[in-house]
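Common to both upcoming complexes is subunit A, partnered first by subunit B, then by subunit C.
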Partner chain A sequence: MNLKQGRIGYQEALSVVTIASVVSAVFTTDSEKLYAKGNSAWLSMLISAFIALIVFELVVYAMRVSKTQSLYAFLCYGLGKQLAAAVALLVSGMLLCCAVSLLARFTLMVGRFVFPQAGEKTILLYFMLAVLVLVYLGWEGVARTARLFLWLLVAALVGALALASYGYELHRLAPFLGDGFSSMLQNAASEVLLFLPAMVGMLIVTRGVHGMKTAGRTGYMAGLIGGIIAALCQFCVGMTYSYQDLAQMHSPMFRLTMGFKSAGYFPRLDTLLLFGWVMSAVLAACYYVYTASLMYANVFAQEDIRPNLAAFTALAGGLALLSHSGVAWLKAALDFIGRQGYALLAAPLVLCAALTIFRAKTADKNDKNKSEPSKEEEKEA
Partner chain B sequence: MSKRFWALAFFALLLCSAGCIENKSPDEYGYALVIGIDEGEEKPYYISMLLQRGNGNTENSQGEVCAYAAVECANFFEGIDLLESTLPYSLNLSRATALIISEQAARAGLLEDFLSVSLSTLQIRYYANLVVAHSRADDYVRGLQSEMNPNVAKLQYTFVEYGEITGLAPSVTLAEFYDRAWSGAGSGDVMMPLGAFTPQDESEDEQQPTIPKEEKQKSQQQEPAVDILGDSMFLPGSINKEGGLESGMMGSAIFYDRHVVGLLNGPHTLLVMMANGQFEHGRIQLAIGDEQSVSVSLTARKAPRVKLELGEKSSAHFAISLSALVERPEAVAHLSEQEVEDYISAYLERELLRVYEACKQQKSDVFALGKHAVVQFESVEQWEAYDWKSAYENTSVSFSVDVALEYNPTRSRLE
Partner chain C sequence: MGKLADLLRFDHNEEEFELLETEQGEPGFFGGYPEEKKAKAAKPPPPASSSLKINESRLKADFYAEINTDVLFRRFLLGGRIEALVVCINGMASGQQINDFILRQGMRPGCMDGAKDELALYAIEHVFAQQEAKLSGDWGEIKTAILQGQSIVMIEGENQAVIMDTRGFEHRGVGTAENEKVVRGPQESFNESIRTNVTLLRRIIQTEDFVCEFQKAGAKNNISLVVAYRAGIVNQSLLDEVKKRLSKVDTRMIIGEGTIEQLTERHSIFPLPQVLCTERPDRTAAHIMQGHVAVLVEGSPAANVMPVTLFTLMSTSEDAYMRRPLGMILRVVRYLGAIISILLPGYFLATCLHHPGMLSTEVLTTIIASRQMVFLPFGAEVLFLLWVFQLLREAGIRVPGSAGQAIGIIGGLILGQAAVSANMVSTVVLIVVALSGLGTFTIPDYSTQISAGYFRLGLVFAAWLSGLLGFALGVLIIGGWIASQKSYGVPFLAPVSPKTYTDRPGILRGRVTSHSRATDYTNTREDV
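Moving on, here comes the complex of A and B:
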């Protein structure tokens, strides 16, 4: 058995899941879609984090009721082996997509803003080697490294927000409800995919965090912190740029770091901050690749995860590279996942949770009935 | 052990196959610090640049601080390619601190065309300042070069600081320009610093033989500027000065959308900044009592409060709070504190209204009323359907300026 899981504490687990949810929510949003109808992304981020928390809480509750100890066991309990395998592969695919999305976005950011002469392939190769080395160290290696880098991400985010603070103006958030509440809810629903995979990933590695109790608590806290930080970042970005301007920006957070009045005060700090974010993105990608690999290993009852880790890393890198080549099918697939991915991930989990709760309650009732003697039995006695 | 060795060797080889990301050292670049944009004669643009080599350390350099280069081109990308072909190093725009555009080009809308390209691709940072030059931009760019200005890169915050201390010139970064010019009027219109180029006299020209005299005289011909209120005081062409840099900044150019529609001199610029919240400190000269010109130093006490009521005839009210210091107290010694405050506030209210009406005639919302209009809408659909620009032309305003006198007859400002 070589699942490279190890055992880590609450702080390490919280660090890695928080980094994954924050980096996904802050950097992988589609600006054109998010700001097309106003500057209410900060509110919709809060709502989507809340929806993700509800789905996560439902799954955790169902797992507790069914006394299952991992996501795959829970899926098997609720949906049966065949269907569980299909859903597990879907979850694994979605986690891989999150890694691809992060790698593709950061490759483009570094390429566009720091090394415009270098091709995406060259930059991605540097990222992928870091991902491969970290992922090969296993869950414990990824989480402990994340614990070390958590404060770097916090400093890079807070630094960027503080440096741009001179330009904050509330009127840029107006009209405050964007294009109305229903439009905001639609945005919020599709953004669930920014938070939910990171939280669900936690339920795959329950053994590595000493069981369900810590996993549930970690996922819940990471969702909460991720939602608040993402909403705060969107709030500050929204106060800096109007929605018309934002809809045309590839990476608003990076533009935020250049929002000084004069270059003399903080020259070229933007690049330094970007590399803080790049490290966090690499860690988040490692987390997604590891959890996707572990899920895959669970489905096929593999005892050695290392071939999966290598294959999933290569797959993530390959897809990230392809996404820059403008391959039509991949673009269509990523667009579809961006729009409908939240339903694709949340629907089977919610369905499984509902079935599990129903089955567990029925089983409890049956057990109770069995343990309590019937009236006839009492009479006989 | 051997497995680890081979793994490391594999990674090293893999990275070697990719090559270095960028294998150039900083001193192989020429950094464009200031970029000038003019209309070309045969092609749309005439791009000029001040280039600095390496880290800009000039301790050992005896000659020119920066190199000047210019080219006529169809677009900025072509301009860079053409310039690079004549330079002994690679051109890098990541340290550009200012973009200068000539007034003529800005009126023709060249700035909109120029800034519609991706600046990230060119590595121009969004904190670069924008200046409209009331002359050719290439003259202005050359005018920044001087032995008294060893590092052009540091000029940017000198100008920003000047605007903050005197209120006579605003400062606008590229990020702010994009925000105001492309935000559908929700942030108000742009007010950009106005660059003044004052050529030095003949005797000084002889000491700088780098630019042919005839060419320089031809390019320097400029008419004195007049602002939208018909005032030419403190504007290029009407300032008698000697020494200093040939290029400076005072007053502003006001925009409608992305085009220059008029100029404001320094004191009028100060008034607009007072109303739109950019003002910190400044000084005005006004007649109080028998004195024809009393110098009053003003400081913003808090951000101006604006109340805008939208309707068929929209109306707005600006409440501005300032503290004032009469810099020669004995000139107003015969007046009570209240009378001096009333003189100052009445003067400011009257002038603010004049400037507002003049800007409104040019359709330019430099008072940033759009900011207060957009917050009154519940949805983007409603806001986009509302024609704020037309509504602005029918908006009447009133100003109330609350002046608190920091009056101390025992000392002057200097003490």
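Moving on, here comes the complex of A and C:
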């Protein structure tokens, strides 16, 4: 075991990224858009996870080739300092958006299903307090807590799917490909944003996971596991409700457990499961806030990340609150990020990766040419 | 009349003694001490002189011999011709040893006849029949030796004293462990003598690399402590850290290992202990064998073992002595007890108060019926009962002997019954709190038991405030807090989070295998 301060092992890293990607993919999807034209969300989830994996692997490969040790260093190498700072801030913003999206969604879920009398503001305050305390515990604290509570998320998801299993019908998955393959691909592309930020976050905290090797492996595995779990959840949801019903549901997973009623002493397990998910969501939000803060700190060469943590938590909470208040510009912005966010995040990374690989290869060639004597030189020798 | 006037007068009685201390200025509203000025490094005292008269007068002055009558100064003629002096403290040193092996041997006529220049060395080699004897001219060392119960002999013309271990003070014998009882396995426990404690460890750890470093604890009362470890396997950085923290101790007094624990810990507001305090030599030895470091303090019948994890605090030595299926059941029961103890009151309060829909009609009807006449709010009722439980527990511990047990049982029964009759509490809440209290006692470590109370109280407040939302977030924050802590560099939740190699998972006990690897998280030299 490594006792180095501020660093975590592979399992903790995997836990935190898996929780972030699964919670984002299962709970923050827009049902209206996802199920508008059919019940193919489970398939599109798999495809989007696959796309996210390709982008991630490309970036990891480029980082390996360029021998850079963090995402910001990689961006600087590929794009130059000015452009890298802009892209890094964009990545930081996207990570913050993921935290906002989680906080907003779970505030709404708790508000609607458990505390209908309480306002979102009150509920959100509880979330923010928990997020603030946890992120202040640091990277080790967040990741080790995730390792501890991973089983809770697994149990809460498996429990929900098992409870609802009596109502599964395969025919409800129709139409299988929705409106057609192209519309499903479109959905899949926009869902890349559910997986990619969690994986990219890992590349920001490379130092905290003992380097690029672990970060790359963790991101890859988390994307894979997250994709499979999210697809499985969507598959079960799809077998329970028709796509017309699903399009009108705010939180299909919660509805799934609400349908279950036993005659025993614990007839309502939905609330209990919801709080299992809430804990995972808070952990995921902590991860996003932490990585966003770290990226920001990298750009401005700040050594102490704690002021950023407080500011980013407040910002995430404030934005989540505004999203409930129906502020038009924010709603439009969040909609835009929901639709085009994947491109905003993936495009600069892919571009940077391409440039980096090109530069690194060219530099390698030049080095080889310099070190290898030409034929004339050999003859002379 | 005069007495009456004295009684009724408003000003101070002139004969009344008052000890006023105002030199340090006005103390702060919330207490505390003003910043201490750094004391100038005191000059070391001059070494012992070759004149016996000077040495005697110095020692007499240092030990206030005029009034301190238990410090014995005994002059005699070494070999019938050389003036010498024995100094010891009556009661600390064994009179029989001094008589038989120092005075009787030293007073034999002609025993120093072969001595030429180095009289003290000759006396050690030819006269005094003591197994542990050395020479020292360091005045501080000489005085410390006397204070520890050793005897010193000073010889005319020698600027070095002979220090001999004649310690023979009274101490409690090796008894059975009172606080960590086991059914199977060794029953003996540490006592207040550090020498005996080290011996108890040495009897179990019979390896040549087992080191017991004696050193001063760093307090004005000059108490000693022992840092015990296996030099062959202990992680050097862990050992350095322990020694570094011990070396920084500079306090007025240290009485017991609890003081050392507090002076060397890093997270003073974290409720869980950061070292394992055990009174069992077998448990201490088992940890030392795994690469841990133990600190024993003179006068304390317990050892501090570091580093520690939550799973260490939740285990007993019996776990290893029982066969696997039995040990596993014991552990599962213990962990369930701990979980019930911490989570049950909060969860019960949250569901009944904020989410009654989660309960079936039967359960809900029972709770409502039992609470019908109770005038206290639900949350206050739970808190009140928790407080009563702590009260009974504290009273039961402090009252000596069997009366303590009686207070626990009778107090619980009578108070519980009376509180229900008086409509202060309901039977259901009483059962929940009693279950929680019972669960607390399954936690083996005493400090951890008390810490569980903190977490339980926090969760009850959170649940009262905001139902399962507060409860869930409270659990998360507590989990996060514990997960982020470290004890001497080892994460508190190892080997679960971070996951480390282990053949004995935290809760379910693994097989006792024949391999000899140490615990992974101690990072012993064997791992390198």
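To be clear about the criterion, the second predicted complex is superposed on the first by the 370 of 381 C-alpha atoms of A that agree within 3 Å, B and C clash if a C-alpha of one lies under 4 Å from a C-alpha of the other, contacts with A are read in each partner's own complex, and residues count from 1 in each chain.
One rule holds for everything that comes next: a contact is a pair of C-beta atoms (placed from the backbone, for glycine too) under 8 Å apart; a residue touches a chain by one contact, two chains touch by 3 or more.
No experiment lies behind these values; they were computed from the predicted model shown.
Q: Applying the document's definition of touch, where does A:140 land relative to subunit B and subunit C: first, second, both, or neither?
A: Once the two structures are laid over each other on A, A:140 reaches subunit C alone.
Q: After the superposition on A, what does A:149 contact: first (subunit B), second (subunit C), both or neither?
A: Second partner only, subunit C.
Q: Identify the partner contact of A:325: answer first if only subunit B is touched, second if only subunit C is, both if each is, neither if none is.
A: Touch partners of A:325: none, neither subunit B nor subunit C.
Q: Of the two partner chains, subunit B (first) and subunit C (second), which one does A:283 touch, if any: first, second, both, or neither?
A: A:283: touches subunit C, not subunit B.
Q: Is A:369 touching the first partner subunit B, the second partner subunit C, both, or neither of them?
A: Touch partners of A:369: none, neither subunit B nor subunit C.
Q: Could you tell me if A:243 is touching subunit B, subunit C, both of them or neither one (first, second, both, neither)?
A: After superposing on A, A:243 lies in contact with subunit B but is clear of subunit C.
Q: If we overlay the two complexes on their shared chain A, which of subunit B and subunit C does A:115 touch? Say first, second, both or neither.
A: A:115 sits against subunit B and subunit C alike.
Q: So, A:129: does it touch subunit B (first), subunit C (second), both, or neither?
A: After superposing on A, A:129 lies in contact with both subunit B and subunit C.
Q: Shared contact residues on subunit A for subunit B and subunit C?
A: Of subunit A, residues 115, 123, 126, 129, 133, 264-265, 268 contact subunit B in one complex and subunit C in the other.
Q: What residues of subunit A sit close enough to touch subunit C in their complex?
A: Residues of subunit A touching subunit C: 1, 3, 8-9, 11-12, 110, 114-115, 123, 126-127, 129-130, 133-134, 137-138, 140-142, 144-145, 147-149, 264-269, 271-272, 275-276, 278-279, 282-283.
Q: Spell out the part of subunit B that touches subunit A in their complex, as residue ranges.
A: Listed in rising order, the residues of subunit B that touch subunit A are 11, 14-15, 18-19, 21-22, 94-95, 97, 120-121, 123, 125-129, 153-154, 156-157, 160, 171, 173, 175-176, 178-179, 182-184, 186-187, 371-372, 374-375, 377-383.
Q: Where on subunit A is subunit B touching in the complex?
A: 37-38, 112-113, 115-118, 121-123, 125-126, 129, 133, 167, 169-172, 174-180, 240-245, 250, 255, 258-265, 268, 270
Q: Which residues of subunit C touch subunit A once you look at their complex with the stated criterion?
A: Result: residues 237, 354-355, 357-360, 362-363, 466-473, 475-477, 479-481, 483-484, 489-491, 493-494, 496-501, 520-521, 523 of subunit C touch subunit A.
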